[in-house]
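The chains carry the letters A, B and C, assigned in the order they are written, with residues numbered from 1 in each.
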Amino acid sequence: MLRFVVRRLLQLIPILLGLSVLLFAWLRALPGGPAQAALGERATPEAIARYNELFGLDQPLYVQYLRFLGRAVQLDFGNSARTGRPVTEEFLERMPGTIELTLFAMVFAIGVGIPLGYLAARRHGSWLDSTSVVGSLLGVATPVFFLAYLLRLLFAVELGWLPGSGRQEVRIDATRITNFYVLDGLLTREWDAAWDAFLHLVLPGIALGTIPLAIIVRITRASVLDVVNEDYVRTANAKGLATATVRRRHVIRNALLPVSTTIGLQTGLLLSGAVLTETVFAFGGVGSAIFDAIFARDFAVLQGFILMLAVVYVLVNLLVDISYGLLDPRVRVR
Amino acid sequence: MSAVGDVRRRRIDELAARAGQVPEGEGGVSLTRSAFRRLRRNPVAILGAVIVVVFLVVAAFAPLLAPRDPLAQTLLSEIRPGFIPGSQPGFPLGVDELGRDLLSRLIVGSRQSLLIGVVSTLLGVVVGMALGVLAGAFGGWVDTVVMRFVDIILSIPSLLMAISISVLLGQNQWSLMIAIAVTQVPVFARLLRGSMLAQRGSDYVLAAQALGIRRRRIVFGHVLPNSLSPVIVQATLSLATAIIEAAALSFLGLGDPDLARPEWGAMLSNAQDFLSVRPELAIYPAVCIIVVALGFTLLGEALREALDPKFRR
Amino acid sequence: MSPLTIEELPPRDAGQDGRPVLEVEDLSVTFTRRGEQPTRAVDGVSFSVAPGETVGLVGESGCGKSVTSLAIMGLLPRRGVEVGGSVRLHGQELIGAPDRELRGLRGADMAMVFQDPLSSLNPTVPIGVQVTEVLLEHREMSKKDAVAEATRLLDRVGIPDPSRRLKEYPHQLSGGMRQRALIAMALACSPRLLIADEPTTALDVTIQAQILELLRELVVDTGTALVMITHDLGVVAGLCDRVHVMYSGRIIESADRHDLFARPRQPYTGGLLASVPRLDGARGAPLHPIRGSARDVIPWAEGCAFAPRCDNAQDDCLTEVAGSTVPLEYDGPGRELRCRHPLEYPRTPAGATASGAAR
């Protein structure tokens, strides 16, 4: 198992290197190049020249790349053109919010999706089955930001049941420790702050979780329908095991294998969707920062954020692969 | 021997004659034909196909079908802050925030969605297939290099990838299409490679090799055609994704800046500002996007089922 | 003596050894699918198995022998399947019995070994758990005792180093080991009836012989009733006391093993025997395959299903000519036959001439 993990970690290196080349090239290829990216669109030619000299941009490309790589390893992606603060600092400040949001969305998608998909398969052909199939198709076809607007309009603006913007009520002067607002509230025993931060997660979390939910329902349903017809389920029944044992040990366990792979892939969708959802709900996470950076043409932020999000995505997929190895013994020996 | 016996006897003889023959696999029904037959029996496929056909017809004849000029700000004078006129004679769905006929804009907008969907998917398919065939046909280090490249593209969440490309290429409709296409490339590359690798060890390829047929002919004459059905299925599904993704990029301000071309995604994003005044402005284009995406998805899923030999009976 | 007789065993009749373990009477299975004609996969099948007796169900794939075994075990899906007739295990009716009751019997009183040992084992659960779960389900046993018992079981079916194997997963075992493990699971609670559905088909020839030997030792010698489902006449010759040949969902010939091998009466049985290459035949002597495949059938209601492939077929093999369907009839002591134009043999002696006539 350890060797499996180490091998997977080693396989990450070329991918991360490739990523850095790609994003390095991306910044060079931008109109105006990195100097403009760092200084903003209104920078004077003199300022650009000074910047180029200062950061060695007049040197050969490979030297520049190595320097970029050296700084990237130390998580130094320069400063934001908009705020002047280091990109990494902004990222670390905003990432906890996005993590909270994606966790909520994933828990929602898994918590609802797997039971629903399982029930749909058990009652194959029933109205519950048809409804969940139609619903999951609709869920995938709906643009995330539209759903987010709809939820916000209905539950926040019209009905006023849940907060529709931000991460926490401004009036609550909560203490910050980790920037995970819910966690902070719990750590400092400011229960109302934690509860309020949690409520702020509900609408964006549901909007964000809908597509993964739809996909998880479909995969679980299809997978359970497949597994139920497997020979080993017949064997388990031939052994006269109790229905609950057959389901738990022989059906669900195997049916969850493809579902777990999908969950890893969904992280990409979640990070993509976070850009849209956070923007709609003015949720101060990484996603809304990317949206702001696009509008402000803040390329340093875009480069750093995309690179760091890609690393997060790759790491999450690694974790999923490892957990897959735990679930399926056949993968481990390979 | 009775007359009845004769009839029956002939029947047995027929069966006996058939019994003497080498049993035929599927009774001579080709894969495409039987797939088509099964598609026609599948209500999901029919629903998907109807949606897609209606969409294609509307897009093709949009200028003829649109009752009004989608750009004429006919009812601009009636728009006041907090009020946008709804359905009325001559304007069945009302007008948008600039007094333009919504129905006409939706009808004409279908063209742009179709164009973006088709062009970006085609680009993705062509490049992806080329990479996949390269990797699958040559194997070895070519395979390693190509697949590492694909893995790198895959390691950036698709919307972020599209954002980077779009920012890089500037704001126009071609950059939008290329941005979406790039996110599709890895899917098709992996699909083709997987399919070719699976077939490389198959008996019919070995047989072709044993007969001394050249690799290029094996790849293009046998392996590639056999890999096409998953590509067709995936392309149909990708069309849906492309249309939704285009809307998302529009929302992020990376869409087509040319206001003379109505586009569903842009209409939907613009309407967000008037959601509390007239939510229909957002709902109609959203419904268009959802229905068309659904149509392609249903058709794609039905195709997958019909073409998958596992489902053949 | 017939050259086909492998071994002399006293012919055992179901009634002789007291009550039979399994009685199947007029069993029928119909598959009903939405929008499709119902198909009758098994029709009017009756047979019984006494303790210690081995009964073979023989036929080509698709003849209904596997469906018969699943129907006995109650393992057919509930939806889209109609099961008729009667199946009694030690007098207890199984058809229509509640699911709970069946689950109590399966694994404990009747067990089954399947064809493909790899797909029949759960790939994500260690072998040990898959063995102990039967014991824990049906016997009052602590987990520790169950593990000890599982070790003993694996040892008994000839798996070396059983305590290590318990922790391994199915993909880590060889094909023969997997089938041994499946047999261990089936025998865990010493069932009175074991159904083996083509247990050797997926295995190498050398392993096949070992598995058959194992079944003979563990099952036949301990007095368990065994139903052997196979298309392999070699398996029948080596193991079965009584043989029922099935075709298109019905039994077409029943006989004791050596009667069947010496004097097959149904032309289909004759064809099956003639299709087997033989060492004692003249070199270069042609094989006699049966024409066509099991798909070239006519419904039993219209006549003999085998008629289209049969060399002996006459007009009255058809219901419309004969006025009735072909019945399964008494055909001498211990024999039953469904055929209007069976293979004929000179009175006595049997032997070489008989096998010649069978051709």
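The criterion applied here is as follows: contacts are C-beta pairs under 8 Å (C-beta built on N, C-alpha and C of every residue); 3 or more make two chains touch, one makes a residue touch a chain.
Remember, it's a predicted structure, so these values are computed and weren't measured experimentally.
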{"item": "Remotest chain, subunit A as reference, centres from CA atoms", "value": "C"}
{"item": "Centrality ranking, top chain (CA atoms only)", "value": "B"}
{"item": "Inter-chain centre distance, subunit A versus subunit C - centres from mean C-alpha coordinates, in Å", "value": "55"}
{"item": "Centre-to-centre distance between subunit C and subunit B (centres being mean Cα positions), rounded to whole Å", "value": "50"}
{"item": "Interchain centroid distance [CA atoms averaged], subunit A/subunit B, Å", "value": "26"}
{"item": "Residue numbers of subunit C (touch at least two other chains)", "value": "none"}
{"item": "Subunit B partner contacts - residues on subunit A that touch it in the complex", "value": "14-15, 18-19, 22-23, 26, 29-31, 137-138, 140-146, 149, 153, 157, 267-269, 271-273, 275-276, 279-280, 290-291, 294-295, 297, 299, 302, 306, 309-310, 313-314"}
{"item": "For the subunit C and subunit A complex, residues of the former touching the latter", "value": "73, 75, 99, 102-108, 111-112, 114, 116, 119-126, 129, 133-134, 137-138, 169, 171-172, 182, 185-186"}
{"item": "Subunit A partner contacts - residues on subunit B that touch it in the complex", "value": "148-149, 151-152, 155-160, 163-164, 167-168, 170, 240, 244, 247-248, 251-254, 265, 268-269, 272, 275-276, 279, 282, 286, 289-291, 293-294, 297-298"}
{"item": "Residue ranges of subunit A touching subunit C (in the complex, touch as defined)", "value": "230-232, 234-243, 245, 249-250, 253-254, 257, 327-330, 333"}
